[in-house]
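Heads up, the next two complexes both have subunit A, just with different partners, subunit B and then subunit C.
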Partner chain A sequence: MTSHSGDIQLDTSGATGPVHAVQRLLTKYPIHKNYNVRVFVQAILTIWAIMSFTFVLVRFMPGNPVDILIEQILTQEGISYQEAYDRVAASFNIDPNASMLDQYLDWFTDLLRLDLGTSITSPGTRVVDEIARFLPWTLFAVGSGLLISFVLGIVLGMMMAYYRDSVLDHTLSLISSFFTGVPNYIWGLLIIIGPGISWRWFDVGAARGTYDPGLTPGLNAAFIASVCEHALLPIITYVLATLGGWMLSMKSSTTSVLNDDYVNVAEARGLKDRRIITSYVGRNAALPLFTQLSISVGFVLGSGVVIEEIFVYWGFGHYLFASIVVRDYTAIQGAVLVLTTAIVLSNLFADLTYGLLDPRVRISGEK
Partner chain B sequence: MCKRTLLLLTFVALSLLAFAPVQAQDNTLNVAWPYQVPPTGHFNTFASGGITLGQYMDLHEPPLAVLMWATGDYAGMVAEEFGWDEDGNYVIKMVEGKSWSDGSAMTADDLMATFNIFRLRGDAVWANMTGIEKVDDSTVKFHMDSPSSLAERIILTTNLRPASVFGDIADRAAMMNPDDDGWDALLQELTEFRPESPVSGGPYTILPDTISEANLMMELNPGGFAGDIQHYDMVRMWNGETEVVTPLVANQELHYITHGIPPTTEEDFANRGIDIVRSGMNNGPGLYVNHAVYPLNLVEVRQAIAYAIDRIQNGVVSLGESGVAVEYMTGMSDGLSEAWLSDETLDSLNTYDYDLMKAEELLTSVGFSRNDDGIWVDDNGDTLSFELTFPQEFADWSAAAENAVSQLNDFGFDISARGVQFQQHPQDIYASNFEMAIRNWGLGDPIPGRSYLQAYNRYNGQGQMAGEGAGAGMNFDNNVDYSGGMVNVFDLSNQSSQGVDKGAQAELVTQLAVSYNELLPAIPLWERYTNNALNRNFIMVPDSSDSVFANFGGGADNWMTTLILTGVTAPADM
Partner chain C sequence: MKAQTAQNLLYAILTIPLGVVGGTFKFLSRLRANRAGFIGFLGLLAYFVLTFIMPGFIPFDSEVNLDEIAGPVGSRIQLAVHADNAELQTFEDLAGLTVGVVDQTGGPSLIAPYADSINIEKYRWTSRRAGPGIRAALVDLTNKEIDAMLIFSKNVEEIRADADDPELQALFAEHIVISNPELGPPHLLGTDTQGRDIATHIVHGGRILILTAFIGGVIATLIALVFGSLSALVGGALDSALTALTNLVLAIPRFPLLVVLAGLIRFDNMLFLGVLIGLLGWPPLMRAIRAQVLSLRERDFVEAARSLGLSTNHIMFREILPNMASYVMINFIFSITFAMYEQIGLLVLGLAPIDDYTWGVMLYFGRSRGTLYNEDGASMALSPVLAIAFFQVCLVLFARALEEVFDPRLRAAV
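Coming up: the complex of A and B.
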């Protein structure tokens, strides 16, 4: 038990107990040194930390659900404070003055059971049902917009790089810079005010919502067509707001690759331009953008807040926004959990795939 | 590549064509109110999240009566006859022969169910009531401690709910008392109760399948109250707040909104031929002071502030024609002042017309003077430096704050304005965490005493009332000494809405008005008038000189719902 130098050392070889059992297991199977396991554990801890931070943060926001609804009723209905308080206090099954620790323990216990709880402002309505109601629309609209924007950006960016210093390059650079500089809500408002109100190309009211009322959701042509129609304006807005970024990134990446030696060697070998573009330049230039894309996927859910409000296309962004406005703590926590998980998982995916694509990352991680 | 681009452009063009502009359907009334879609939104109008549709609740859950503000008389709706009996109880006889959209008859059971649920919720109306009794199938008697104008108003402006939906919970509530074991569980059951479909007793009923985030449709309910005198087959209720519905009004898809709109939008609407309807709301922004901060507790200082602000300018700058300067400065609207105060009293009131000389005299009378920079200095040698906070998201109140600060600083105050997040701002006032602030005076209620609850209760100790601990608010001592003697203004506010003797009530209201006018616990700036956008190319209602427009522009007694319930509102091309 005692070393020759007199220092006390722990001999774990014959010890018992859970800690020692874990130590022996890790000695035998050093999974903690595995890159994939480490990033996965980091992801779980990140989600827990963000959720705990969010839990505290929302309770430090001005007003609680009771206060907020009282003020809303007072503003809208012109009744006395006492009447508004009586009505609201009876409507909610919460005690806003309960200790934060008790609330945290309740919430965390439920979360371990994958129970996101019920809405505070709509008592009895499960948060998971609300998320399921709104999430698909954002995934569809913003996801489609992201894919279209990405593909267009890749193609146009490569064209800019290949024909750099040409009229095409200058024109597209100007357009992409302009697109990048205009935020999505400006695009949304311009679309409504210009084509919608001034030129009356479309009916502003009919374009609202996620599909036409009265249709039966399912795999039927009428419903699918309606869904596509209603998602069109949010998708166009998202594409306009993000296309420039992809174009400029792809142009930069392609220009860099075009100067690499292996491209010169390929040209010297007399390979056809088409093969050089697709197999040598395009693939390598797009590689960093795929990582960027996988990270962007995680931000899809949070990207639609303003667009969804402008077009009254209620998806996850609207749900999060509306929950914050009325201080529905359980709804906010549920939404942030989904948002955080999406971002962390997309980063995790980027980490893991980058490790696969570039072995140097994986090896250095394992070291 | 070219083919793909062409295909994409074709898809975009075709999709845009899908939304080709169309005129709103004939015989459909297009109005707006914000609501939540299911599952957050639901059909339990007693619970938070219910799709009530605000004032348009009258269309599916009709009111017992509507107050005609111009005359002060109630017009019966579901209540055919109503009034106090010789024992001081309130008796309502309902119209007969009406039915709910689920086929059940509209009877006294519905009224019983509605008020028993109110009891379960702990609604204020039960503070005056001792019980409720079904006299016959169409008559209900409300047993009262004592007759009260306030109780009458709360009863009559109640929206009726169907016993076929809420009767079970209501019956169980009627058998219990708040101290009973199952009471809280029953209350929870009520808040979590989700009727499968809406049941309407009014002229229109919500079609659940049409509810989207854009709008919902209500179809005619011929058997419901006023269902047989309607000119529209359908009502389309557009969803959303001001910024969401504004494009629809501009696009002429939406024909009437009660949403407050900024003056610039108002001008744009007017240019498009849309009428702007203005009716008093009995409230508006006022300048509140913390009476624990010296020298704001001095009446002379508050009066000087009132004289130093040009309220006409402040109102116009803030809300255009809908920001109407307060004239009488009584703590209630000028309309209520004229209705409840005698001519003699009105003549005696100080209207605090813009007068910098008088403001100067008042400050010098308490030993204040100006320093070398022209800034006022109090009798302790401190400059009159304050911070004025306001809810930064409210454009009109923000403008009122900035303008008031500018005028006061021009006069020699040293005030800095600071915007506060709008949900935080009232909490700051309740917690006395302010020096000067812009908050609302008055209340959209025809009972004058209730207007004073803002100054004497909500912003002055409401935290204690609500059981939330301290919350001294503006720290004003409700025991005041004025030319009429010593009174407790909070008690007066409550007493003035009790009883049914209007003469006695008017005496108390006079005391409230005169004491407020003398002491100015908070300084009213202007009264907010509605600026409802009404497109008369689509909707036919009387012109703006009609007395119905005196009715409150929001909440109960709204003129538009009153006109719908009385069968007046009709398509313009009828």
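Coming up: the complex of A and C.
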């Protein structure tokens, strides 16, 4: 944690100026010592640092979007270079000739107004709109994938803990090693090669995109069915790739809970097994996993790039990859901003809610 | 005094190899109790032999060769001819004749070597896209517009058996025979789109990936170890700074950043990619090691060492590190799997160097050349997929077995 000016308890009542005013305020209301506030400020600083880093980084990538676009216009229409340049410069939110610092300041002030600028390669398209168009598909696929694997993992993990050292436990732990070891895109390729191409359970080509063309998006059965059909393969992939981790975490968590006194007490009280499993063991063992679930959302979002490319699922990862290929600076920044924010917020959420979810932590924290 | 030192030295020199051998045996015998872990260990040995030793004996097949194009095992390129020309069986027999070639796999470069001796007529895989498809080729064959046809086995059979148009099928059945069902020599895993042997590519394609992942793992583990133990042992401002740095790097979307970096830096060398992956991959391990050192620091034996006035240096390297060695080792193996995951992900997207023909590059070509979507060509994508999958699974099995062997708590629980 960086040291704050307010840590120094000086008598600053006589001094003037904004710094001293802040110091006085902090001495009076020590919000910088509040855990939640500190975590929150750190999260915002993290997002800012990573965004600035990305800002500089994308501008060092070889291949300049201005030249790419000028080239495009020149080949499409027979106008002079200067005209093309003027048009490109006008269509940009940023002046291509401005220094990086000026661009940065422009971008930053826009960002404060939640304006991510317009796309460079397809002028006139706002990055915010594009992200809003692509992100829901990925959220749907990743979200349902994670949720399914989380629930499955909790059930299987508890089974492993209950039947420790049995054939079931060994088999499941071997399976979980397979699930954890094999990368998610390899699962994706296996799904395409095996059931998709060799056994022809489904048509890989028809599962491309996010829904069948010709359907009107809305709450009608055909559209929802089509959406689920197209998201099915990515969802299965996310489930397979993350299931092993949940199984193992749940197993070790349940194993430690099973040794706790209150479980013995519950058994001694003659409570039904079913009740002990669900409300005594399961609930307490699953609590730490909710934190992990929250954290993993951010990471899985980022790793969706390859999956969406493999299944040609037009979600957020596809958008990010396409932007990188054409060097659309503003789009890359927007996408990275969304990802970073997702990761930071999910960590923050985990930090702040852990105490709320698990009373044991709250009590030991208050001591 | 001097003699004593020499004696100590001699003793050490004599006992170290003995200790290593004895330790290995002890370790293996313990590992054998864990069947899955032992299999993982054997698998890793097998991978070592496959990727580091076998390339010395098996040359890389880089020769583009039409007559060696084959599908997976058992499904090979076939020569279909008109019933009257059943004696045509090899490439030599085809000299001077008109041959239909399905323009699916190799393209012009493959057919070029034969263009002088054979008249080549190109057909597409399906007639859905522009140009005549396989069915058209078969019609031409029955009409003797072409004398012979090179085609993947299954597709001839499928089209001959397809009862869409009974009249046409009867015509095919009457006039078309497969004169040579297996053109070209056999290959263990079939050949790729250019007629090159896939098995040799698998043998040669793993070494660089494994080395890169290893480098990534070593760098990530070293950084995590240094930062984590410094952070826990020194504490104070350094601890705060390192923890903040860790949280910052942890929040970077790693894979997208690697994708951006791959565009930024022209990776001439896969090993450099390993360094980069290592530089981004240490934070989770750093947190774990910091926690581990913090907990070890409170143990009695460390307290004792501290009360004896021993230096931090001594405490770290003589008291804490030996007690963490297995933990670090296990996490090192896991970080290798992460590095493997990330670099192959980049390769599949076509963002990492493709000069080295690795498993990842095979996947990239398998996808971009469409063999992934073609049952007969699946071997080109399936072979590297399985090679990567089993390597990762072996690593995980081995690491988990180590966890059980080293962690007495787990052993007691299991």
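Here, the second predicted complex is superposed on the first by the 295 of 367 C-alpha atoms of A that agree within 3 Å, B and C clash if a C-alpha of one lies under 4 Å from a C-alpha of the other, contacts with A are read in each partner's own complex, and residues count from 1 in each chain.
FYI, contacts are C-beta pairs under 8 Å (C-beta built on N, C-alpha and C of every residue); 3 or more make two chains touch, one makes a residue touch a chain.
Given the structure is predicted, the values throughout are model-derived calculations rather than measurements.
When the two structures are aligned on the shared chain, A:Glu229 is found in touch with subunit B, with no touch to subunit C.
Once the two complexes are overlaid on the shared chain, A:Arg87 sits against subunit B while remaining clear of subunit C. Contacts of A:Ile197 after superposition on the shared chain: both subunit B and subunit C are touched. Touch criterion met: A:Gly124 reaches subunit B, while subunit C stays clear of it. Shared-chain residue A:Leu57: touches subunit C; no touch with subunit B.
With both structures placed on the common chain, the touch criterion links A:Leu339 to subunit C but leaves subunit B unconnected. For the contact definition in use here, the residues of subunit A common to its subunit B contact set and its subunit C contact set are 61-63, 192-193, 197, 204-205, 309, 327. Against subunit C, in their complex, subunit A makes its touches with residues 1-3, 42, 46-47, 49-50, 53-54, 57-58, 60-63, 164-165, 170, 173-174, 177-178, 180-183, 185-186, 189-190, 192-193, 197-198, 204-205, 255, 298, 301-303, 305-306, 309-310, 320-321, 324, 327, 332, 335-336, 339-340, 343-344, 347. Partner subunit A is touched in their complex by these residues of subunit C: 36, 237, 240, 243-244, 247-248, 250-257, 259-261, 263-264, 266, 337, 340-341, 344-345, 348-349, 363, 367, 372-375, 378, 381-382, 385, 388-389, 392-397, 400, 413-414. The touching residues of subunit B, counted against subunit A in their complex, run 1, 12, 15-22, 36-42, 47-49, 54, 120-124, 187-188, 191-194, 209-217, 238-240, 244, 247-248, 250-251, 253-254, 281-283, 421, 423-424, 426-427, 443-445, 450, 453, 457-458, 462, 465-466, 468, 552, 554-556.
Those residues of subunit A whose C-beta lies close enough to touch subunit B in the complex are 61-63, 67-69, 71, 76-83, 85-93, 97, 119, 121-126, 129-130, 133, 155, 192-193, 195-197, 200-214, 228-229, 232, 236, 309, 312-314, 318, 322, 327.
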